[in-house]
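Below are two complexes that have subunit A in common, paired first with subunit B and then with subunit C.
Right, the complex of A and B next:
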């Protein structure tokens, strides 16, 4: 049996969590925003080195601006976390450091990537200025629409989990 | 006997699956999901990959709500419960698709509304930022222009008082007209900027409406004669003599509309009509209507004529204008809770009209104010024939300094000392005796308003009480308020005419 790792994808609503997973798993994108409720689970097998595959079980959790309300059952057996925010909506990243504290308290010592999505909609220089002003450190700036950095991000996490 | 009916009418939305601790399926009742007894729970759906971590630590039960499962192209939204049993684990899957879909629709509407609200707020903040930048640009731009324009207007005045040839007189009249147009453009840009930034504050005073109408009549009759047009004013007899409102801005609205009518009328007439709509308590509603027999406006252009710098593309225009007049009218009427309306037919003419509510003051309140105006004029005349006044002029712009110095000396009423640094003003005031301080706001080292504060806090009365007239190119409403609070008696906006300056000087000279 292939090694499988559970990844939960978290963040406020409308930040593009489902779109990131869809881009990664199906290599597709839709402009239609459909609110996710509960949890969607998909699987993708990735090759992290020649002949070495790992099965990623991606849990796309319902977006919330209060991370304390996430149901603990959803987080059972998690191996890695992706926290997504929307670079065009300050409300999704202004409290990011507090949000990350909550995530870390719920899932201590797990690999965690902080991802700013919808990066295609802003000028990179302006974005860097805003993030620095808000004391936000990101691991990846992605665009589910263009696919920019999406595979790299999931692949990096897969390698961290191996 | 009832079993067949029970089977037909009972909703099959709960499925039971039994597994051992390794995840092998021992039994499944196949109620709605095709989970057969062969294989492991891991093969059913990626969700069940969590089984291993659950089974390891399962004490009693674990519950998952709102889990999306897909089987054979069909989507289910389910609640799933894992319960520890002696055989292994009992999994109960409940189908709540319909219930959760209803919830999804509510969440969709709520989240979309929140996101849209956030995006609108971001857009508004961005627009506000741009507006701020635009207004600050206009303010600085207008300041930079006002200083040289003051010099140009003043020097033009000085030259016009010298002996000139006919050709020079002719050129000078063009120069004067250009100065006036430039001043008008600057004033219009300032008005637009003040209206759009919310800086313009209406000043309501009691004034005589017939007097204002007389002034309009006098001005535009002359203009109509020059243009071979007819100009008439018709006023309703019910209109009271005195009303309370912002006379200056009302005058600006009406004259902008009449100017516009003249601009687009080649033959025929321009009329102003003031109608009495109604009276409620001490408030009266009046309609002002400006009608012309001009070129008219095509229907598809009516909206755009109220935009800044909008002009109908007509080669037959008599004067160019700034293209800001109607935009100012629209903005000012908006401030007065009114709205400009227009009816027009190309080739026939246009009618611009608006309704406005003004207060009707108690009759005996109006008379003393009229007397006061008359008294003020007498005082000016009386002062003019008296002594020579000593003025300290503090101005760093060498052109403005030279021009003011010459203009004031030429009147023979004043002797002038000049300093060009704010830090030198106090020293000059202590060592000399002046009747008035005329001071530019934007002085180097110590600004005009800082000097004014120092003077008003000074212990000696002869200095503390000296009249101070500020000169500024930053002639915005809130700026003027701040400057006045520094202790200045009056503020004069650049560019200004000599008569304005003289009048204000005499007002404060003892």
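Right, the complex of A and C next:
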């Protein structure tokens, strides 16, 4: 029997949440940026081991600079969280640890992955330096544009939920 | 002249201008006071008259200005008939076209059905009840039909089971979106223990019945009147009662931990088909 799990994808405006999901679900990418309003839901079935599948129901929530304003109704019954920031925009990760505290207070004890997106736009060494300077620990550095590490990230989360 | 008189005289000479000035100020203050008091008195008197006139003006607008406005509008419409028609046509046209095509489709589908297997049943019904055959057919074309039923976990929006007459887009996504809409509406109005119960979507109605851990969404086409609503509610309650009863049996009567889980999706879907597929509402 296939099990379904609800994943919420959070982060500031324009960090690439929708693009990450699109890359993962449809394996496509568009440079044409459209602001997400409210919530958009998609689904992808992943095989986490031979013959063992899990259905990920992905809730792409609209970006917000203040995570406290996220509607609790959208977070109910969540099984896993992906927090996305934009590695090219310090404003999206300078307050990351505070943002994560808010996320954890809203959804305690849930598997959570911290993802730095748009990694294709920066030099890895410089990025690591900036992140370490800001005391930021990431689980994945992804690129929705190139597809780098996107599947790995969602697969890891699926395994954590199993 | 004594010393004292001399001083008084000197005072008079020195302060004459100041005294006059002080007297002028006193007179002005008196005038202002008078004006203010008079205005207040005047306003008290005039206010009711103005209010009365205003009330009369408002109530008389339809009779006084109404004909003028109507005449002006008529004239404008006559002058710019083409322009107005141009502006309204696409909106009205689309609405009428969509409505008629949908109605014709529904009617033809029903008539086709009636002309085949059900024809004799209708004839018999007509003969037995005395109602015209066409009326029976027409009354059946507008009846409500259950198109889809979804049993959804509250909060997470995860689909527990579903039944559908026709194939639709992914039901897991529909469940998620319905839950998001439901959550948004309930959150936005901030009323505790109040649930979104109905979503109208052109020719469809989505009836939402909330329970503690789950909610049931039933998609209905056709004329969804109070009688149909009542029947749908009964069907949902019957189904949910059975569903929860079976769950409780599984959880409490089972000895091993593995089977102490909710009943599986397959069994639930069989149950949904059984309850809803042939239900007439």
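To be clear about the criterion, the second predicted complex is superposed on the first by the 161 of 162 C-alpha atoms of A that agree within 3 Å, B and C clash if a C-alpha of one lies under 4 Å from a C-alpha of the other, contacts with A are read in each partner's own complex, and residues count from 1 in each chain.
Operating definition for what follows: a residue touches a chain if its C-beta (ideal position, glycine included) is under 8 Å from a C-beta of that chain, and two chains touch if they have at least 3 such contacts.
Fair warning: this is a prediction, and the values are worked out from it, not measured in the lab.
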{"item": "Combined model on subunit A: subunit C and subunit B, fit or clash", "value": "clash"}
{"item": "Touching partner for A:22 - first (subunit B), second (subunit C), both, neither", "value": "neither"}
{"item": "First, second, both or neither for A:71, with subunit B first and subunit C second", "value": "both"}
{"item": "First (subunit B), second (subunit C), both or neither touched by A:37", "value": "first"}
{"item": "If touched residues of subunit A are counted for subunit B and for subunit C, the larger one", "value": "B"}
{"item": "First (subunit B), second (subunit C), both or neither touched by A:57", "value": "both"}
{"item": "Subunit B versus subunit C as contact partner of A:14, first or second or both or neither", "value": "first"}
{"item": "Partner chain(s) touched by A:89 [first = subunit B, second = subunit C, both, neither]", "value": "first"}
{"item": "Stretch of subunit B penetrating subunit C in the combined three-chain arrangement, among 9-17, 261-269 or 441-449", "value": "9-17"}
{"item": "On subunit A, positions contacted by subunit B and by subunit C", "value": "1, 4, 6, 38-39, 41-43, 57, 71, 73-74, 76-77"}
{"item": "Subunit A - residues contacting subunit C, complex", "value": "1, 4-6, 38-39, 41-43, 55, 57, 59, 71-74, 76-79"}
{"item": "Contact set on subunit B toward subunit A in their complex", "value": "42, 45-47, 49-50, 52-54, 62-68, 77, 100, 103-104, 107-108, 111-112, 114-115, 118-119, 122"}
{"item": "Subunit C to subunit A touching residues, read off their complex", "value": "153-159, 170, 172-173, 176-177, 180, 183-184, 186-187, 264-266"}
{"item": "Contacting residues of subunit A [partner subunit B, same complex]", "value": "1, 4, 6, 13-14, 33-35, 37-43, 57, 62-63, 71, 73-74, 76-77, 88-91"}
